[in-house]
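Here come two complexes built around chain A, the first alongside chain B, the second alongside chain C.
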Partner chain A sequence: MQTSTSWRSFRMAAWLGWLIESNWTDPFLFAVYSIVKPISGAAILVIMYGIISQGNYESALFPYIYLGNAFYIYVGAVMTGVSWAVVDDREHYRTLKYMYIAPIHIPIYLLGRGVARFITGSIAVLITLLAGILFLNVRINFAEVDWLLFFTTLIVGVVMLAMLGLLLAGVTLTLARHEGFIGEATAGALYIFSGAVFPLDILPEWMRPIGYFMPTTYWLELLRRSLVGNVAQAFPTLANFSNLQILGMLVGLSIFFGAVSIFIFRWCDFIAREKGLIDRTTNY
Partner chain B sequence: MSSLLAIETKDLGRIYKLRGNKKEPRKELVALQDVNLTVERGELFGLLGPNGAGKTTLIKVLTTLLSPTSGWARVAGADVSTDPDAVRPKINMVSGGESSGYGLLTVRENLWMFSQFYGVPSKEANERIVALLEMVGLKDRMNTKSAELSTGLRQKMNIVRGFLTDPEVLFLDEPTLGLDVGAMRDVRRFILDWLKADQERTLLLTTHYMAEAEELCDRVAIINKGKVLACDKPSVLKQRLQKDALFEIEVSPLNGLTQQMLLDQPEVTKAAVQEIETGAKLSLSLVEESALARVINLFTQKDVKVMSLSKREPTLEDVFVDLVGRSMAEEESNERSE
Partner chain C sequence: MNAVSSKYSHKDTGWRLFLKTIIARAYPRLIGQQREVSWMLFEVVMPMLAVIAYVFVYRAMNAPEEYIGFVVMGGAMTAFWMNVLWSMSSQLYWEKEQGNLALYIIAPNSMMAILLGMALGGMLATCLRAVAVTLLGIWMFDITFSVVSYLQLFLVFMLAMVALYGMGMMMASAFLLFGREAWHVANLAQEPIFLASGFYFPIKSLPFWVAAGASIIPLTLGMDAMRQLVFPTGFKFGFMTVQLEILILAVLSVVFLVTAKVLLAHIERIAVREGRLTESRR
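So, the complex of A and B:
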């Protein structure tokens, strides 16, 4: 019964999320947006890199930055996809209270709502990688890619991001509408501390522990290693750790943050019921 | 707890802590106070009271959306605070006066999605959707995006959403709010038909339309400022006023005649004054019919002309006036000014 409740919560939420996410009146415009947005973001980064490095695209730093930036799309997409559902359902569609009184598993429902953003995020990541390989001199030798490590890391990372999204969804439950952009704000803050576009060693020493504590740091490092191998290992931050050790750290921190997320979501859910916030609409 | 009870509350209370100016201490708003109610299975139970009386708060507690601050409540045999997962599969709720729903989905898609959350098999859900939409006159709009529906039609869609899952206990919070007269009539008939089809179905309805409560409800609880003031069958509640003679009088402008002056007359037990364009409408409760002559005499002294006069049977509005000392409209405007 529990399994079927969880499955139907997830399945229907994913279905609903996809219909909302793909609800563009003009599919052509949607496709253009889906392609242009990630490529523009990557192009800005490439141009900035080109100016700073004086066009040295052969440096190991270039694929480091490019891949980190490409996969970082998932961070904003998945975390926001899960947490924004609270704002969307409560304030826009005014259905959150009906979801709450239905016999569904609310955390699973919210995770399901994030599936659509995961799919559109995946398309954006794929387009960014293709553009990098075809036009921007990003070199990935597909024969040498460690696919097992890549997909294991990708799956663990996406689950970890979804759980962080759940944490933010809990916090969003207790906040007013104008504070609902917390997902994107958090993703923006994590960008600095996850080694997405520069190694953590560049940060002041006192800031680095934040990065070491973030599972996203290990996630991005492993994705780079699985795709471009030793190029990514050339940086000192995690160079002394093997792939397995980094995977262990990623899994360990994901479990830790997953547990914290569940605890915080439950706590916020409790507070929301105590204060009557589940059907609150702020009207501004 | 008896299995015959669909809803049971004991000393149920809810206090909201209001966040005001940082310099001022937090204010408390008592939304519910020592509410003791029992609703039997198969009953259509009404909660009657002005806006802000605590009706919606009570429904929120009973539907597990809001925690009570004191007392307890059970719905379909399970405690709403400690065992909400046992309550939810057995209930559903519809709130009136709002445009909830996913506007980008069609009517059918909206309803089907909610039926799936309740685990209704897809084929059965589709059959129910067609049947229910036909009953409320919305079948021809089944494939219309709900964003394209008028407020009234969207409200009907939401009403169907509540009934679709065939709940043991259904909560309707002002279901006819904002509907036109024809749609109100359709919804009321639909509610009665639904209850008639299964004796085990229970419905709790909140309304501030007295006529709606009288027409539909087996029993009514009159609630004001978070307290249940009376609870019984409408006929029994009205019987308490049968000893009085009730008059509706429409008069010219009052010329300084006040409600208090009317109440100062020894034979007048209740008086409600409502100003209208042509003067005022008075609802008077007199100890005996013969006392009317003295009231008319008072009008004459104040040069107030009687435009129309009728004796009538007591209504739930009179019961409310009897319990609160003010009409429901007066109570609402008083609440707003506070």
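So, the complex of A and C:
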């Protein structure tokens, strides 16, 4: 019974999320919207790199930046996809109170709402990677790609990001005027501390431990290693660790953050119920 | 009783009403927003996160120090673009969703005065955030400025702001007609504009016609001119001469303000004729 409730909550939430994400316009405009945004973000970095390196795209730094930026799309998409559902349902559609009294499992429902952003994020990642390979000299030899490592890392990472999204959703439940900022600020901070577009060694020494504590650091490193192994040797940050060791750290930190997320969500959910925040609208 | 009734029976008209409307609409932007101190914190921190990331990217590439300054200036100017996008262009759409738009239209004041008030208040409030980002950037990354001409710098900044907020006033009417797509359109107009307008690199690095096309966004030429005026080697990165950029910004200011007035008249006509403009469609 529990399983079927959870599955139903997840499935319907995913479908609802997809409809909300995609039905505001015609498919053509939706496709343009899905393509232009990520490509523009990547192009800013490519132009910055092109100006400074004077068009030398052979350096290991270029695929490091490009791939890190491409896969980082998932961080914003999945995390805010889950947490934004609270704002959308409570403030915009004003249906969160109905969701709470419906026979569904709320955390699973919120995770399901993140699926739509995961799908649009996957399209954006794929398009960014394709653009890099076809037009920007990002060299990925598909015969040498470690597909097992790639998909294992990708799946563990997406689950970890969804759990972080649940943590943010819990915090969002208790806030009135800053819900919109929470996801963006977290994604923005992780962008700096995860070594997404520059090696962690560039950060001041006192900031680096924060990066080492973030699962996204290991996630991005493993994704790069699985696609272009030689990038890993070019930067000293995690060069001394094998793929298996990094995967171990990623899984360990994901379990830790997953447990913290569940605990914080439950606690915030309790506070929100106690204080009557579930149906609060602030018009902000 | 007589004193009260005489006070409220007095009605301003003409330019007095226009001016009072501007001040009334600017007030919540300028004063009201400052009351939410934590918002100010977020609005400074968010652009700073992008600035810090791009500065470290340049550092990883061993870029010349001028580029660090370009990023900080770009980060400060993003505050204005975001303000125009979310608090000018989308504002009438939000007002419709909240139910205020109908009140604006039936009130005896000019809609142009309301938009001017929004622009004035938003511009001044955003100035504080942009200054905060700039000061933080200077402090964190040790940036040095060397202003060539304060007069030209002031002129460029003011013209860029007038043209930019004129553009915001124009887009406010256009966004209103988008309906549910407004949020997505505003969302879409971030990264592509940061790219095309050269927020984090000199616009001269783009192909000529791309840079020329992007010059329709006032911040493109505004930032290009300001970079030439405030950085010792900025002139090397200029897309056009500062004088020409000042001239184009002046033309853009007039064009955007006139178009804003024409578009506003158009939506007011729609509101009266069809009576559906204020209809909220979630």
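Criterion: the second predicted complex is superposed on the first by the 280 of 284 C-alpha atoms of A that agree within 3 Å, B and C clash if a C-alpha of one lies under 4 Å from a C-alpha of the other, contacts with A are read in each partner's own complex, and residues count from 1 in each chain.
Everything below uses one rule, namely that a residue touches a chain if its C-beta (ideal position, glycine included) is under 8 Å from a C-beta of that chain, and two chains touch if they have at least 3 such contacts.
Keep in mind it's a predicted model, so treat the numbers as computed, not measured.
J.: Chain B versus chain C on the shared chain A, clash or fit?
T.: The answer is fit.
J.: Please tell me which partner, chain B or chain C, touches more residues of chain A.
T.: Result: the larger residue contact count on chain A belongs to C.
J.: Applying the document's definition of touch, where does A:212 land relative to chain B and chain C: first, second, both, or neither?
T.: neither
J.: Check whether A:12 is in contact with chain B, with chain C, with both or with neither, and answer first, second, both or neither.
T.: first
J.: Now for A:99: first (chain B), second (chain C), both, or neither, which partner does it touch?
T.: A:99 contacts chain B only, not chain C.
J.: Draw lines from the C-alpha centre of chain A to the C-alpha centres of chain B and chain C: what angle do they form, to the nearest 10°?
T.: Taking the centre of chain A as apex, the angle works out to 80 degrees.
J.: May I ask you to decide whether A:150 touches chain B, chain C, both, or neither, giving the answer as first, second, both or neither?
T.: Neither partner.
J.: A:20 contacts which: chain B (first), chain C (second), both, neither?
T.: first
J.: Classify the contacts of A:241 with the two partner chains as first (chain B alone), second (chain C alone), both, or neither.
T.: Once the two structures are laid over each other on A, A:241 reaches no partner at all.
J.: Once you lay one complex on the other using chain A, what is the shortest C-alpha distance from chain B to chain C, in Å?
T.: Least C-alpha distance after superposition: 5 Å.
J.: Which residues would you name on chain A as touching chain B in one complex and chain C in the other?
T.: Touching chain B and chain C on chain A: residues 93.
J.: Contact residues on chain B for chain A in the complex?
T.: 16-17, 57, 60, 63-67, 85, 88-89, 91-93, 95, 98-105, 109, 113-114, 116-119, 161
J.: Along chain C, where are the residues that touch chain A in the complex?
T.: Answer in residue numbers: 36, 38-39, 42, 45-46, 49-50, 52-54, 56-63, 67, 98, 180-181, 184, 187-188, 190-192, 194-195, 199-202, 205-206, 282.
J.: For a test of understanding, state which residues of chain A touch chain C in their complex under the given definition.
T.: 24-25, 29, 33, 36-38, 40-41, 43-45, 47-53, 61, 65, 92-93, 177-178, 181, 184-185, 188-189, 191-192, 196-199, 202-203, 283
J.: Which residues of chain A touch chain B in their complex?
T.: Interface residues on chain A, with respect to chain B: 4-5, 8-9, 11-12, 15-16, 19-20, 23, 93-95, 97-104, 273-276, 278-279.
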